[in-house]
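In what follows, structures are represented as structure tokens.
After this come two complexes, each holding subunit A, first together with subunit B and then together with subunit C.
Entry: the complex of A and B
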């Protein structure tokens, strides 16, 4: 087998067009990786500046009532993961800014896609675009004629007469092309890792990317070689593998993507907001002094502190009401946003199942996931931002309640020393070890396809195909 | 002429006898129907949602009218947000800005999934409010994209054309009888052109036949007929572009496989690599805007306005809105904090408009950059041309934002005029307000 592989490589290297194309691919990959990193770091710089700007404003807040500061709020800017330079995933589509303020859990807004004309339906030219679309297609072009050419020139008969096993020949031919694809992948990954970081987390993610892309390239080259062996001529083999490629990369992802949204439908924004408003109205209205539930809370505190009026309370009851309002709101947000997040995760799970029929779906999902740019990572950011909002607003409400002011004293102010003492928002992307469970299904389906194609070649190819 | 008809007739026989081509043609037809159905579904959803909001608004107006009647008859006390004050009456006047879908949306969803299409407008609204964000949807699904007609036309039609054309002239070379054909007193170019024409007419006819029922269903011919004709012209032009490229490939081709490889490589370059490269360059030159200028207005600069003394605010308002000079309150020398507080949205709105102009201008710069690559990047050009016709492009939503701004201005002017004229709102006046925003 090794001899056949070496022989195939000798043949490939003798072909000038192949050499030129390889040089072109390597340079393109290096250029695309470099451009991706530049774009990522420029965007990251903008993001850091925006976050610093907002923090500076917070640190320099003039003396004000803590509740006013809660309305002033803060903003969280979605950071780019290091490997966003490789696969942008959903980052162009989702918003980048989320407002963190009292009384409400906001949604993330201002996506890049909404800031200009529509450009590319397949995303930016990052290395993932080349690795997912261009290189597999090139591997197909190398593989589709690998056996059928031998058949058409009658060389196959010669090879078989010399005693070589048909299965071994197919494996050797497809492995020789797979090694080529793998080399291009490794060049990309090595260059990527040289330019970005020595963080073990990044290496772990890159290793998983090698596994995913490596498996996909094996599937593509083996299937193309299999078609080349089974079908009567070059044209049929090329037609069959191209039809499969189009089905996998263009048709199925879109059709199945639409289908999962119909199977697990999300509420419309209108229905979502109306349901939250309805439930929210059942809690305390922090800004309505005639609210009945506020009255009940007042009585509870008067009893607890053994006083007759709010003025006698040693604390500021307004702050207590605001926090109570917040706690109730949090339950409502958790329920409704939580429900949406569950639906989104169910949709993702169902989409991943399509990997059973379409290895490209598994590759795409794994690539986004391992680059930290998929929905799971996005939802993690939203959750962390919301957690921070709750901590921030509670700190402000507690200061309002227990900071030394009395009920009704809306003119009471705290100075910037207090505001500076509240930690700013910082976000660390989740570790891949903690998230790997979400992507096991993608890896399993890719491996299932590797096994399936291997068995298909092993069980379904014999000397008869040369007849 | 007879010869050309004969070539077309034998081409038809060739097509019918090729299961790969007929299956591809059928699948393509199904994809067209699926794409149009997706567009039609979203078009209907948008219309239904807008109708539901309008019905809801009618109910809310009825409730308000009853409230006015009960206040006037002394059945109930005025609530905390007194509806006889113009500010609260206008606040309670349901005023939604809608981006009504064009019936042509059936053929392209365009950027409709990246923007909201309804918004409750108040005097505090801005054109960058978070409720203008897109409908709740799975971002991975949006990133993968929807199979609408636009996608089918721009990305799948060339693939269908490749399948139909890759062995035209190639098969004869594969079987080495191509020279026999040219013994029949016909040039290679003429022979290929006739065969290509057959497929050009076939592909266009298929698209026309499958899209016309959807044009009828969605009501395109009730006002958007011209758009549909332009749309067909774009389809003709787009297909012509691909047929021309593939004609050149086949004229110089060395057999079916060679032609297929070249065709699919060109498709890959035009549909994936070049748009992706332009996308990447545009992001490098114009990174995503974090809208800090807008955020500054909505927080810091607004706060500075709120901090100003009432007297200064009154002067600022009179300066910014000269028509207020003739109002009752302008003639009054006493300071009324309530009137000033209810007028502040006017000053904040001016700041918002200034910053919005800057943001829209920076987006326009990016758009110009994208358009400057149209010659190299024809797919994005055609994509945006179709989106323009279907009213789902960036500019359709910019116009929607402009309409929202007009509505905000109208609300603020009404509030200012009636607040400064110390108008007391009754049922009739409220109905007038409602009429202003219908």
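Entry: the complex of A and C
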């Protein structure tokens, strides 16, 4: 088998077109990775600076009422994962900054797609585009004639007569092309790792990317070689593998994606907001002194502090009401956003199941996941930003309630010393070890396809296909 | 002399059409047998059965007593096969092609030994290291025979080997085959080239509609007589 692989390589490197194309691919990949990293670090620097600027503004707030500061709020900027430069995943279409303020959970805004026509239409040029579409297509063009050429020139009879089995020949030809795809992948990964940090987390993610892409390239090259062996001629083999590739990369993802949205539909933005508003209205209205639930809370605190009026309370009841309102709002948000979160999780899970029929779906899911740019990672950021918003607003409401002011004293102010004491927002992306469970199904389906095609070649090829 | 190639009463049909009908022939060591027939007469089907790529409906074919259908892997070790067009790898030189195909049989020859095989088959030293994309058909045939020679095959199956060769190359091929047979090889050559078969072979069989209609020693007939016999059988 080694002889066949070496021979295939010897012939490939003597083919000028192949050499030119390889140079083109290697340069393209290096350029795209390099540009991606520069773009990523520029964006990251911009966001870090923006986050620092927001913090600086917060630290230097003029003396003001804590509740006014809660409305002033803060901002959370979504940091780019280091591997965003390889696969942007959904980052281009989701926003990257979220305003954090009292009473309300704002949506994340300012997606890149909303600010650029070309990004909204074509997406960004990342190495994943080359690794997922262009290189597999090139591998197909290298593999589709690997056996049918031998058949058409009658060299196959001679090869078989020299003692090589049909199965071994198919595997050897397929492996020689797979090694080429793997080499391009490794060049990309090595260049990527040379230019970014030496964080073990990144290396772990890169190793998983090698496993995923390596498996997919094996599937593509083996299937193309199998078609090349089984079908009558080059044209049939190329048509069959291209039809499969188009089905996997264009039709099935769309069809399955639409089906998933029908099976697990998300409420529309209008319906989501209306349901939130309705449920929220059942809680305390922090700014309405005639609200019945506020009255009940007031009586509770008057009883607790054994006083007759709010003015006699040693605390500021307005701060208590605000926090109560906030906590009720949080429950409503958790319920509705939690429902959306579950639907999104279900959608992702069901989409991942399509890997049983479509290894490309598994590759895409794994690639985004391991680059930290998929829905799971995005939802994690939203959750952490919301957690921080709650901590921030609670700190302000507690200061309002217990900081020394009296109920109704809206003119009471705290100075910047207090604001500086409130911890700023910082986000650490989840570790892949904690998230791997989400992507096991993708890896398993890719391995299932590797086994399936290996068995297909092993069991379904013999010397009869020579004639 | 020992019968090395043996075909006994084989019949083969494709979708109801009989390609080979009760065909029997034998080739001994040191013998070159010419299977002469028109296109579609069944020559290639016979070769494919002997190569083990086709299974006869009835009868059996064997090489050195080994059934080519049931013991394909054992039988092929003894066979050198040269097709009408020996298509080598164009980006490799003659010697690289020979080296590659030899390694597939588990034989690892030195460059010197590989060169000797090519020389024995009449390929000039100057061509050994040239890419085969520059070779003529005759030169490729020589490399094809060198591949069989390096495999140490004792049986040669040739399917229209002289087709498309110029007279000089064709003559060289005949000489080479006669040399191999003199060293003990058994050769079966399917062809429709009456002159080349008469010049090369010891024995000739005429095949028509899958059946062997006439067998003769070459010494019994001149080229003209063979042509007349062939035409007579084809017209009847």
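One rule holds in what follows: the second predicted complex is superposed on the first by the 462 of 467 C-alpha atoms of A that agree within 3 Å, B and C clash if a C-alpha of one lies under 4 Å from a C-alpha of the other, contacts with A are read in each partner's own complex, and residues count from 1 in each chain.
Throughout what follows, a contact is a pair of C-beta atoms (placed from the backbone, for glycine too) under 8 Å apart; a residue touches a chain by one contact, two chains touch by 3 or more.
Just so it is clear, the model here is predicted, and its values are computed rather than measured.
A.B. asks: Look at A:126 in the shared chain and tell me whether it touches subunit B only, subunit C only, both, or neither; answer first, second, both or neither.
C.D. replies: first
A.B. asks: On the A-aligned overlay, A:15 touches which partner chain: subunit B = first, subunit C = second, or both, or neither?
C.D. replies: Once the two structures are laid over each other on A, A:15 reaches subunit C alone.
A.B. asks: Pick one for A:159: touches subunit B only (first), subunit C only (second), both, or neither.
C.D. replies: Second partner only.
A.B. asks: Looking only at subunit A, is it subunit B or subunit C that touches more of its residues?
C.D. replies: Between subunit B and subunit C, B touches the greater number of residues in subunit A.
A.B. asks: Across the two complexes, what residues of subunit A are contacted by subunit B and by subunit C?
C.D. replies: Comparing the two interfaces on subunit A, one with subunit B and one with subunit C, no residues are shared.
A.B. asks: Report the residues of subunit C in contact with subunit A in the complex, numbered from low to high.
C.D. replies: Against subunit A, the touching part of subunit C is residues 48, 51-54, 72-73, 76-77, 79-81, 83-89, 91-92, 96, 100-106, 144, 147, 151.
A.B. asks: Tell me, which parts of subunit A touch subunit C in their complex?
C.D. replies: Residues in contact with subunit C: 3-4, 7, 10-11, 14-15, 153-155, 157-164, 463-464, 466-467.
A.B. asks: Touching subunit B in the complex: which residues of subunit A?
C.D. replies: Contacts found on subunit A: 32, 35-36, 38-39, 42-43, 46-47, 50, 53-54, 57, 72-73, 75, 77, 89-90, 92-97, 99, 106-126, 129, 133-134, 137, 141, 144-145, 233-235, 238-239, 242-243, 246, 250-251, 253-255, 257-258, 260-261, 266-270, 272-273, 288, 290, 340, 344, 347-348, 351, 364-365, 368, 374-375, 378.
A.B. asks: Enumerate the contact residues on subunit B facing subunit A in the complex.
C.D. replies: 20, 24, 31, 34, 38, 45, 49, 52-53, 80, 110-111, 114-116, 118, 128, 130-131, 133-147, 151, 154-156, 159, 163, 167, 171, 174, 256-257, 260-261, 264-265, 268, 271-273, 275-280, 282-284, 286-292, 295-296, 299-300, 303, 363, 366-367, 370-371, 380, 383-384, 387, 393-394, 397
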